[in-house]
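What follows is chain A paired twice: with chain B in the first complex and chain C in the second.
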Partner chain A sequence: MEAIKQLILATVPDALIEEKIQLTVTVSPEALRPVALALRNDESACFDYLIQLTGVDYGEALGVVYLLSTSLDLSRCLVLKTATTDREQPTLPTVSDIWGTAILNEREVYDFFGIRFIGHPDMRHLFLTERWKGYPLRKDYDASREQNPVNLTSYDMPDTSVKWVSGKNGIKLEKVQLFEDDDYVLNIGPQHPATHGVLHFRTALDGEIIKKIDVNCGYIHRGIEKLCEGLTYPQMLHFTDRLDYLSSHINRHALCLCVEKAAGIEVPRRAEYIRTIMDELTRITSHLLSWACMCMDMGALTAFIYGMRDREKILDIFEQTTGGRLIQNYNVIGGVMADIHPDFVKKVKEFIPYMHKSLREYHQLYTGNVIARDRMIGVGVLEKETAVSYAVSGPVGRASGFHCDLRNIAPYAAYDQVIFKEIIRTEGDSMARYLNRLDEIEQSLSIIDQLIDTIPAGPCCAKTKPIIRLPEGEYFQRVEAARGEFGVYILSKGEKSPWRLKFRSPSMALVSIMDTVCHGAKIADLITIGGSMDYVIPDIDR
Partner chain B sequence: MEVKNIKIKGFPNKEFKDTGYLEKYVEELRANGVGIITGVLDDMINWGRSNSLWPLTFATSCCGIEFMAVGAARFDFARFGFEVTRNSPRQADVIIVAGTIVDKMAPILKRLYDQMAEPKYVIAMGSCAISGGPFCNSYCVVNGVDKIIPVDVFVPGCPPKPEALLYGMMQLQRKVKVERFMFKEKDKK
Partner chain C sequence: MFDFSIVTTWIDQFLRTYLPEFWVLAIEFIVVGVIMLALYAVIALVLIYFERKICAFFQCRLGPNRVGPYGIFQSIADMVKMLIKEIIPIRHTDKLLFYLAPFFVVVASFLTFGAIPFGRGLQVFDFNIGVFYLLAVSSLGVIGILLAGWSSNNKYAMIGAMRSGAQLISYELSAGLSMLTIVVLSGSMQLSTIIENQKDCWYLFQGHIPAVIAFIIYLIAGHAETNRGPFDLPEAESELTAGYHTEYSGLQFGMFYLAEYLNMFIIASIATTMFLGGWMPFHITGFDAFNQIMDYIPSVIWFFIKTFVLMFLSLWVRWTFPRLRIDQLLHLEWKYLLPINMVNILIMVVLVLLGWSF
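For the complex of A and B:
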């Protein structure tokens, strides 16, 4: 800690360093890049993992909060802040060349707050269209629909982008060509069965070889973060289920944990155990669906039917206890909504041996298949350095040899009570990602097996007030969702609703590396790689 | 010709709720009378069409997963004639709007609907497609797909259970079964 302070002060003497929950450093926009570079390149500090980048409207100033961590030890965090008071033409220096995560995230901040990042290679809108008026997450944004009515006319997709560069005579605008003149550009999506939702790839091809992928998001951007700013904490819980609907329970767990930690609510042990078991069951459903869909994308429809068949078994268990199949609305602040069904333990115990048998069947069916192996081994290799730079975590990051399992590194709920293996592979190809998911199902079963008999007796929910006010401050909670690190950032001003709330979505990192990973691959492999990444689009767009 | 009551094989008519408009339509047809040859031809065509409504593979969010579940082993809509999902709108008969439609997606949904060949049907699945659902106050969510394209059946729920979707699909089949195409009033003029 002291060494980091020394490092920052040596680079920028007037940096403001505060010791809050995390070490918080506030710098001026001019000093941002030197500090960022120093933190990134220092060998002992080595902050090479930018978890997220959040735009904030402080009222007078517009700022950005960078949450940094290191691939050496993911539990170590540092908050870096900067702000500009210019609300008409706000500009900040880019960090997209230092951390890959920033490339898409800075475009998101530009969308929401209108902050232009100088030096960013592609400063276009990410979620909203070019014809959108205003910046929706600014506090003075007029949310009435007269300003931006639903427009049914088609819009253009320009082949050029802009780049802001600072020269001697101030800031000037440069045009950036996205594709070369003789590129053959193929549109995949937004309505395409293999993009797993409404994602739009513009793919530049050279024959069959992919030269570049331009990712277009926002076809399901629902403005959840803005909606949350007008609701109380218990009211906004249901939005988290609908972000990454395949790990709905885990997302909700994250927001509950964040609010509980900030408000100092003690969760009963029984609720923690139930939450952990539910999290792991959710992870299994998610991995099963991703396995099923990946196999279907590669032409194996039988595998899809098998995966969905076994998934229904877990959904039955969910439905009995929570009343919901896909979206459960089960976690509440302080615990879980209702106690488990009397048959829950029995049913889960029946399910564990059944799933082990099914996994063996999956391997027999598909893993050994010659065509499947040829299409997956060595295809779409993701290097560890790229994974860290773009903050890719979850099964995909672990397939590239990146230790990023937060259940191990920063245990929450009842994860400190169980022993399980973090699945690491170093190949980084589609096959490693595919196998990682199947192996993680096995580990999840082992976690459930260890917990199911030891659920402590007692209440399943702590008593809480209907309106919860969080003390002034910033709170961050990270959990391991099925696709990687899911995070909740709350900036509270002591009110009953947050000033700013941001969800860190794991899928955004997965989609941001598609260009790098697919470069030089065949167009048919794009579908395999996309399937092995397993992104969920509403999680990206929020 | 006597217009018969709408019948779905294996499901008694009283199981279907909210069918007043269909019954009214049948009564109207009876009152006005239907030609024997055209009526029989219509019945035959409708029998074929209602039992082979192929949906478009279209899903934007959570409801899409339940839509997949309905297509998979346990629920299996192929039993009722929704044989396969088609990936091209030009080959699809019905579009099941599963999920939220936002401003950026609205023109695309409109275009997809326009690309489908007549006769075409729309099922709005889930509360987002019906009214914007939990996101109805958002700055960029379309409050109901019926503002963009005409909807035949609304299936409420967030997301609806697979059984609810199957029920909605059968309601659509019932609607298809009483349609009259041959020599409509406007064609005579």
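For the complex of A and C:
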């Protein structure tokens, strides 16, 4: 900790360092890049993992909050902050060349706050259209219907992007060509069977070989972060289920944990156990669906049905206890909404051996298949450095040899009570990602097996006030969702609703590496890689 | 065993006693054409039903079960739907080629369909170059697919058509060469002679190992020619939405659909004819009583049973395997199947020259 302080002060003497829950460093925009580079390149600090990048409107200033961590030890965090007071033409230096995560996230900040990042190679809107007026997450945004009427006519997507460059005579605008003139550009999506939702890849092809992928998001953006700013904490829980709907329970767990920690609410032990078991069941359903869809994308329809068949068993268990199948609405602040169904333990215990048997069947049906192996081994190799730089976590990150299982590194709920193996592979190809998911199902089963008999008695929910006010401050919570690290950032000003709330979505990181990973692959590989990445679109378009 | 040529000859004689030759021929052509068209459609409907049921059982489902008992009228209902569905006109297409393409595909498969011997004396035309004819007309289909992809003015369709061109032309070679292996063995290209030669023992067993290899290669290559999984790259639902027929709707799509199922039947029936004795019953030399019993089963049933078994094999493969990638597909053909086939045909020639076949 002291060493990091020394390092920052040596680079920028006037940096403001505060020791809150996390070490928080505030620097001026000019000092941002030197500090970022120093933190990134220092051998002992080695902050090479930019978890999230959040734009914040402080009222008079517009700022960005960087949550940094290191691939050496994911539990070590540092918050870096900077802000600019210019609200007309706000500019900040880019860090997209230091951390790959920033490429898409800075575009998101530009979308919602209008901050232009100097030196960013592709400063287009990410979620909004080029015609959108105003910056929605600014506090002075005019949300009236006249400002942005519903558009019913279609218009062309631009083939050019812009880059802001600082020169001798101030800031200059440069045009960037996205594709070459004679590129054969194929639109994969927004309506396509293999994008698993409304994602849009503009793919430049040379025959069957992919030259470049331009990702277009925002087709189902719902402005959840903006909506949350007007709701109380218990009200906004429902949105989390609808982010990554396949790990709905885990997302909601994250927001509950964040609010509980900030408000100092003690969660009963029983609730923690139930939450952990539910999290792992959710993870199994998610991985099963992912396995099934990946097989379907590669043309094996029977495997798809097998996966769905076994997922149904867990959904039945969910339905019995929570009433919901896909969206459970089960976690509440202080615990869980209702106690488990009397049959819950019995059904889960029946499920564990059944799933072990099914996993063997999957391996027999698909893993050993010669065509499947040929299509997955060595396809879409993701290097560890790229994975860390683009903040790719979850089964995909672990397939590239990146230790990023937060259940192990920073245990929450009842994860400190169980012993399980973090599945690490180093190949980084589609096969490794595929196998990682199946192996993680096995680990999840073992976690459930360890917990199911030891659920402590007691209440399942702590008593809370109907309106919860968080004390002023910034709160972070990170959990391990099915697709990787899911994060919540709350900036509270002591009100009943947050000043700014940000969800860190794991899927955005997965989509941001598609261009790098797919370069030189074939169209069929793009589909395999997409299946092995297993992104969920509502998670990207929050 | 009942010979259907008795019936056909009798009808021919009957007509000739009352009508001049021109009218006799005209009536016969029309009758045969109508029967074949009806058979073509009926086989497709039955196949669609079978495929849906069989794949449902592979996938722990029930399959169609609402329209009629066990859902047997499902494909008829689907056909009616297909017939009355609107054909959506697409702007900026090459109209002539766009409308022509489905006909190419259907006509190619229909022409092949005509040459298939369904039973003793039940074959529309029996050329002395039957095998050559089958190879020639069945490869016409690729023109239709290429035209469909080109004229649709759609990038998915275009890529699908290009894949299809590469795939069909490559696998045509293997299919042709493996059929030639049998032609070497039988010494004839006439389908009726080929079947007659298998009276005592099917070519699959007569030709020792080379015939078995040729049979397996023909099944793989034939399966690839039907554009069905794992060789469904031209359509590749999850990659190219629907490939070359993305822009087709209503009956035009129905024609592609029909041709796909019929092609599966045709490939299976050619394999039956060339390797499994066509409509010939299963005979074992020396077991006269057994052979007699086998002879009581009508030839048509023999033909359809064998064809069905081969089609079941093709469905099994389709619903189990994932799709190949285009380079793997071409690797399989040019690096494995074709060289094996060429060596195989040489071995067969040597076998036949030495008189080692049964």
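Definition applied: the second predicted complex is superposed on the first by the 542 of 542 C-alpha atoms of A that agree within 3 Å, B and C clash if a C-alpha of one lies under 4 Å from a C-alpha of the other, contacts with A are read in each partner's own complex, and residues count from 1 in each chain.
Just so it is clear, a contact is a pair of C-beta atoms (placed from the backbone, for glycine too) under 8 Å apart; a residue touches a chain by one contact, two chains touch by 3 or more.
Fair warning: this is a prediction, and the values are worked out from it, not measured in the lab.
With both complexes brought onto chain A, simultaneous placement of chain B and chain C is permitted, the two fitting side by side without a clash.
When the shared chain is aligned, chain C comes close enough to touch A:Asp374, but chain B does not. Of the two partner chains placed by the overlay, only chain C lies in contact with A:Cys295; chain B stays clear of it.
Judged by the touch definition given at the top, the superposed model places A:Gly335 against neither chain B nor chain C. The partner of chain A that touches more of its residues, comparing chain B with chain C, is B. By the touch criterion stated above, A:Pro93 is placed in contact with neither chain B nor chain C. Look at A:Ile305: by the touch rule set out above, it reaches both chain B and chain C. In the superposed model, A:Tyr184 lies in contact with chain C only, and not with chain B. Aligning the two complexes via chain A yields an angle of 50° at the C-alpha centre of chain A, spanning the centres of chain B and chain C, rounded to a multiple of 10. Applying the stated contact rule after C-alpha superposition, one finds that A:Val150 touches chain B and leaves chain C untouched. Once chain A of one complex is fitted onto chain A of the other, the partner contacts of A:Gly55 are absent, as it touches neither chain B nor chain C.
When both complexes are overlaid on chain A, the residue A:Asp525 reaches chain C alone and has no touch with chain B.
After the two structures are overlaid on chain A, the closest C-alpha atoms of chain B and chain C sit 5 Å apart.
The intersection of chain A residues touching chain B with those touching chain C, taken from the two complexes, comprises 192-193, 305, 309. By the touch criterion given at the top, residues 127-129, 136, 141, 143, 145, 148, 150-155, 190-193, 197-198, 218-224, 226-227, 230, 238-239, 242, 245-246, 289, 304-305, 308-309, 311-312, 315, 325-327, 537-538 of chain A touch chain B in their complex.
Chain B meets chain A in the complex at residues 57-62, 64-66, 68-69, 72-74, 85, 87, 89, 99-100, 102-108, 110-112, 134-135, 137-142, 147-148, 158-159, 161.
Within the complex formed with chain C, the residues of chain A that make contact are 184, 186-187, 192-194, 208, 295-303, 305-306, 309, 365-366, 369, 371-372, 374-375, 522-525, 527.
The residues of chain C lying in touch with chain A in their complex are 55, 58-61, 155-156, 159, 163, 229-230, 232-233, 236-241, 319-328.
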